[in-house]
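For reference, chains read A, B, C, D and E in written order, and residue numbers begin at 1 within each chain.
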Amino acid sequence: MALLSYSIRRILMLIPVLLGMSIVVFSIIRAIPGDPALTILGEKASPKAIEDLREVLGLNNPWYIQYFDYLKQILSGDLGVSLHSGASITQEIGPYLAATTELTIFSMVFAVIIGVNAGILSAWKQNSWFDYCAMLIALIGVSMPIFWLGLMEQWFFAQELKWLPSVGRDNSRNPVEAITQFYILDTILAGQWDQLWEVIKHLILPSVALGTIPMAIIARITRSSMLEVMRADYVRTARAKGLAQFWVVYKHALKNAMIPVLTVIGLQTGLLLGGAVLTETIFGWPGIGRYIFTAIGNRDYPVIQSGILVIATIFVFINLLVDLLYAYIDPRIKYR
Amino acid sequence: MTEELLVVKNLKKYYPITGGILGGEVGVVKAVDDVSFTVKRGETLGLVGESGCGKSTTGRSLLRLIEPTAGEVLFDGVNVTALSADEMRKMRRHMQIVFQDPFASLNPRHNIEKILEEPLIVHGIGTSAERKRKVQEMLEVVGLSSYHARRYPHQFSGGQRQRIGIARALMLNPKLIVADEPVSALDVSIQSQVLNLMQDLQRDLGLTYLFIAHDLSVVRHISDRVGVMYLGRIVELTTSTQLYSNPLHPYTKALLSAVPTPDPDAVRERVILQGDVPSPANPPSGCTFHTRCPHATEECRAVRPAFQDVGDGHFVACHLYKP
Amino acid sequence: MSHPVLQIENLQTHFFTDRGQIPAVDGVTITVNKGEVVGIVGESGCGKSVTSLSVMKLVPNPPGKIVGGTIKFKGEDLVSADEKRMRDIRGNEIAMIFQEPMTSLNPVFTIGNQIGEAIRLHMKVSKKEARARAIDMLKKVGIPRAEAIVDEYPHQLSGGMRQRVMIAMAMACNPELLIADEPTTALDVTIQAQILDLMRQLNQEAQTAILLITHDLGVVAEMCHRVVVMYAGNVVEEGDVRTILKKPKHPYTKGLLNSLPKLEGPRERLYSIPGNVPIPGSLKVGCRFAPRCDQATDLCRSEMPQLKAVGENHLSRCWLSE
Amino acid sequence: SGSQTTQAPAEQQNTETQATEPANAGPKQLIVGRGGDSVGLDPIAQTDGESFKVTENVFDTLVGYAEESTEVVPSLAEKWEISPDGLTYTFHLRSGVKFHDGTDFNAEAVKWNFERWSDKNHPQHNKEGFEYYNDMFGGYKGDETHVIKSVEAVDELTVKFTLNRPLAPFIQNLGMSCFAIASPKAVQEMGPEKFNENPVGTGPFKFVEWKRNDTITLEKNPDYWNAGFPKLDKLVFKVIPENTARLTALTAGEIDLMDGLNPDDAQTVKDNSDLQLILRPSMNLGFVGFNVEKKPLDNPKVREAIAYAINKPAIIEAFFAGLGEPAVNPLPPSIWGHNDNIKDREFNIDKAKQLLAEAGYPNGFKIKFWAMPVARPYMPDGVKIAEAIQQDLKKIGVEAEIVTMEWATYLDKTKAGEQEMFMLGWTGDNGDPDNFLATLLDKNNIGGNNRTRWANEEAHKLLMAAQSATTQEEREKLYLQVQEIIFKDVPMVPLAHSTPALAAKANVINYKPHPKGSESLEKVDLK
Amino acid sequence: MAETQVQTVSLRAKEEEVVSPWREAWRALRKNKLAMAGLAIILFFVTVAVLAPVIAPYPYDQGELVMKNKPPSEEHWFGTDYNGRDVFSRVVYGARISLWVGTFSVIGSVVAGTILGLLAGFYGRWVDTIISRVFDIMLAFPSILLAIAIVAILGPSLQNALLAIAIINIPNFGRLVRSRVLSLKEEEFVMAARAIGMKDSRILMQHILPNSLAPIIVTGTMGIATAIIEAAALGFLGLGAQPPEPEWGKMLSDSRQYIQKAPWTVIFPGLSIMLTVLGFNLIGDGLRDALDPRMKN
């Protein structure tokens, strides 16, 4: 029950943050120069047409009226209509979100599996050859500009070696029939194993590019957290019981060490979700990052607003999830 | 000039506990709950009790390092709880504190000279040269050498750091020093050095001490009078001799009997208390000790005993003793 | 002499650090007999914990390493024993409890899980049996509501309770030797009394030998049959408890006893040993205590005395006590 | 007469056909890679090329353009008559044509479409209006300048247009991609917004599915009126934003055809026997413009000096990789009226310096040079070309500071005249000289597309005269003169008429790119 | 009293040397090989940046189009780019930009973050609530998107990219300082300072700030690394440095279409970013180990 009340309280606490975020997003966007009407109509538009369109879009209202209109709309679950495509954002955003989420999850799984284990092994064999190499690689990993890594991957694995496809989510010749928009799921549901393989192949390069930094960060934090935990008294107790080192590491130390690692995983997942702009641009991934980035270029206010808000909301909820996971892992957490 | 340098009346310090859906206050920790005592000029009042019973909170609240929730503290006739922040700062010249942790109480980024000079700078005392000289003198007083002045805290052992802490407290020639467990973190052989130093200083400078500790032997050694605290309250207060030869409160008795003495032949009656100290967030009703008291009665469970003199200035809060 | 359970002979455990080699334990000889409680006293940093960890072969390595001496457990040399053998011994034949009850239990596993782990490990029983035994042990160490506590987490217990849990865990497999490294230092006196009582009881009932490490001479007086006094990595004096506390020979032991404030008797000015506890290895020649000893001679400063018998069951490392 | 048969709504029908299609019975499928997604698929509501690339395959216009030229040819209208006064146009429609939703294409449908477009109060008129209709036909119904007076369905297959005033390029305009005929029933049933995502026309392909920013899938319309076409069973437009990535995808066989080939990669494509290079006939202009209201650009000598200093051939060689020709006039040579007699200035630093000195800037000056942040067919890489020009100008002492901003902002601000020197370009809509010369340089268009703010009275008079002249010879003469004035006064330095390059798999045949930038792929086939 | 005072053995006056905590940290740092490698990398790039006009054989903004995309050769060590400019010279000048943006944006966020963090941590209550909420809100946005939005407002340029990066990183430092202040406030030496009657402002400047410096320095160093990447990312998206400024990220994005034909135009700027960032991360790691109080005692 404490957990429930804690969760409710955490969710309630989100409200001012979300409200603040909506104000920030809204004002930032109004501050961006450039007229959406002009962008919609293009370089050949006449001034009158632009003025008419501004009126139709409500862009001539004072900003606070625009804000409250927007808020009302959002609260009724409607994210608005894209100025650019004229489509409902609530419907439009789904596939983009799914694409990014699938990529993010895939990258994070890759990052977590490799990162956590590399961190554990490094801590276990501290100052060993493995430790030095792994940590140097991790350090290079955090120092890597992902857009560069992405380009290099594309150049090397797609263009030179031709091992993996360089862009897109699936093979257009054998396209996935989207049901849930999560292609891995979709192909499994449809039992299309050849397509599943295609989908995974398409995921590899962008995932590696996207997952490298989190992987490196996770490896580093796991290692230092493990080292700290390994010095803890209870680890000594466990060893004094006669427990084998493997169990000491993977049972007693790991669960405790995971607590800071979890924070990082949560934080990084959120960052990936929004920070995928670069990767998505390079790998032609029809994701939310590019959706918003394009919208900024188009001055598509509703899309920018709602897009960023959706991401930020997810981000905030990931943090909530992480907090709840803590409570699960660490019984000491008092739901304060 | 009154005989009492410090009079503490009904001091309380409650910490709020927050929680619940809206994060509001759901309760209080009664860290110090209605404590009254006096300290006479030139004497040492000892305060003992188990961990978490509110000793430090008492010491800090009366210097207003923590703002007390209620109560009055008269220092040299002045009600310090009523002073403005600025007046309080000036007042602090006369009342100083020495902390328990010799590692945490010195700023690791300042050298000793700076640490010791700071009180003088803050109160605008002397020229730079005079201040430096005073620092040198004070180092000698606490048994360090003048060349130590340029060193940093991490270059000292625990005992030496505690001397520095004492020196800092002495820089402003205070009347009262609150010593919050000044020897608890020290080894036995070092502890006696510091205790001796404190006694010497008291003798030479006419200091008044409020000496907080959990070690009963140490308190006995240094104090003229001793107060015993349990769960935010003082349960017994009398002279040192009285307390150790004739403890009245069942808690004091148990406490004394639990202290191991380094004498294999000592035969003592042992009172082993059952259970743990209750939480100050949720103290038992009536006499807070009744949950562990071998003599607890219905009255103890219901009524809080008054803290009263049972003769010769021997104060005790227990229903077993009625004047 | 009765059956020795543990014989430590001239143990040397050194740390190899950036600042050089630190001889944390440098020639320690201790014998513990069956059913006996032996105390090790000494000030902070004198090597008590490292000695006990050496017995368990749990000295962090690197930087620590046993560089000399022997440790015999029931005649078996532990210094040369392999890790697998040590795992069998740890928690089974030799158990250990530590100073900090607050941090010595893993915060993320239940009490029952942690006790049961040791039982399952060494007794090869089922999970259910292990749990039942864990509850038994908790009852034995005087924990109320053992059936409920077994499913609770360490943070839900007080310090005293946790130390009882640690003892229950240590005793779960009926060890022949219990090493207790300052088991009560972190506890209040009233709780300390409870724990010491419990340990005395276990020692008497199960005839478990106890190596009790402490810096409190009072605890030694109450618990131990024999005492070893350590100073800067050495044993400086050893004897039965009465001899050491009543008729100490070594100036350090004497000084230590004199510098303690007393609970009874007249309040005199305390004696104080001048100077500070040295860092191990900072003194290369002579008696380690010489710089702080007010009776030190040139011989003391130039040559290290040996641990020699100075009476019946009484050894001292001092030129003056010969 | 309206539609007679009632059929399942288009959407449902689509899913049905999709479901029944055999999975891999070897249907002919073409995957077209392109740089951006369509904005919408209701042609009249669109202005961007990426949208038209799709709609041209789903819809037909009344008249069409011949392959690779802007010559008007029959399409949905088999033939037409124009009254001598140029005010009445009668179209005879093709018979037996059906919309994808099964309803008949007929005169009523044409009339309905024009009513929807022209009448602001029509229930299916978009609230944003129809930009191209407004531009090409002088506004909407009721506006003073509105060209179309009425559209009547004379009989089932005859439509009569009556104009308020003659409009020389009327027929030409009707061929523009945006004036495609949509199924009235579908629009009415779905409403403009939904229709924009589920288009229903008479074209060679039917709409199947749109995954935004990813793919648009079309399938063969088996009942297409042009018998024997389309050749393909399935047509997919796939978005791959990066030009290089798109080429990689083509090389890897993920797509069959791509546009927006980097000129630099043309050689790579030629060298690859698996691929073929396809060039789109040029009908565009990329130029460096001068805001003649800003000092020192108000001085024609300064402008001329800059014109001399820009090494056009080197730039075209480096950035168009030969897929473009140096521009002399704003008008592309492929359009009638181009003045072939004007000889371009040679790249000549000394001459430039001399002119600068004459203008009073012997040591040059500092200037802000606005560079296009995006690639356009007429300017493959604005910023890089700007950098090259910057290097050139440095040689005559002109320090050009390159300024870039978001495309929207760029357009906005250049329109307002905030820029000094800038880059821009134009792609012709309908192959009329007016569409270049007046649009870009007439003084009436200042604040609009005349971003040089060049207000030359003489040129203005000539341009106005050309608009109302009736014969082409007459107009041509006027345009030749205008070009001379422009060349002399240098409001802009025409840089290049680029030839947009495309690449395809070697087995793609019969693909004929159209100069206007989009085309129907009905004839395209796979070997 | 004097007789109780015998000098300790280990701390004799002769071996006495004043070891300030900073000196101590430097000593520890000097022993750390990786950190020294990092320092060497940074010094190398700093030197390159300072001496760019001397080192670079060609101007960074002049080339001949005929020399377009030529592979590395004796004249052009890193080859030439699409405008025929010398990539080596551009990379050399690029060091200036990256170091400049990295350092100054971090200085900006550190200054602003520290002030806000101190205010929030020390004064608590509504000041804290407001500042912390603003931080929460800022941190809830993916930082790169926020940076993009800010640059979109201000217009793309190096200065604005710098500003945007500085702004988005303020909460990181603000929170760090705030939490340091909160924990330092409870430290006994701060209590001791209050006990001697010290004013809040002086406590803040003399005790709290200096003791927060170590983590600020560590985070700041790492922050430079992040800022360099962020600047490059903005440059890559065309929102940072403007041509012909040889910003590494911009160079990458401008040249990426030639990646197959002229890989050198992409490899070298990318490598430079990575190395510089690596340098800052290495030294940041080292600093953390050297300055972390947990490592001491």
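Rule of thumb we're sticking to: a contact is a pair of C-beta atoms (placed from the backbone, for glycine too) under 8 Å apart; a residue touches a chain by one contact, two chains touch by 3 or more.
Everything quoted here is computed from the prediction, not taken from an experiment.
The chains in contact with chain D and with chain E alike are A. Pairs A-C and A-D differ in how many C-beta pairs touch across them, and the larger number is found at A-D. Between chain A and chain E the centroid-to-centroid distance comes to 25 Å (mean Cα coordinates, whole Å).
Here the CA centre of chain B is 88 Å from the CA centre of chain D.
Taking each chain's centre as the average of its CA atoms, chain B and chain C sit 32 Å apart. Residue positions of chain E touching 2 or more other chains: 4-5, 7-8, 152, 155, 256, 259-260. Multi-chain contact residues of chain D (touching two or more other chains) are listed as 242, 406, 409. The set of chain B residues touching two or more other chains comprises 157, 160, 193, 196. Per the touch definition, chain D reaches chain E in the complex via residues 242-244, 262, 264, 268, 311, 314-315, 317-318, 371, 373, 383-384, 386-388, 390-391, 394, 402-406, 409.
Contact residues on chain B toward chain C in their complex (touch as defined above): 50-51, 157, 159-160, 187-193, 195-196, 199, 214-218, 220-222, 240, 244, 254-266, 270, 272-274, 276-277. For chain A in complex with chain D, the touching residues are 33-36, 38-47, 49, 52-53, 56, 81, 84-87, 92, 95-96, 154, 158-159, 162, 165-169, 171-173, 175, 178, 281-284, 286, 290-291, 294, 296-299. On chain C, the positions that touch chain A within their shared complex are 56, 58, 62, 86-92, 95-96, 98, 100, 103-109, 117-118, 121-122, 153, 155, 166, 169. Only residues 29, 31, 39-40, 45, 47-48, 126-129, 131, 134-135, 193, 196-197, 211-215, 217, 236, 238-242, 245-246, 248-249, 251-252, 254-255, 406-409, 411-412, 415, 424, 439, 447-449 of chain D touch chain A when the two sit together in their complex.
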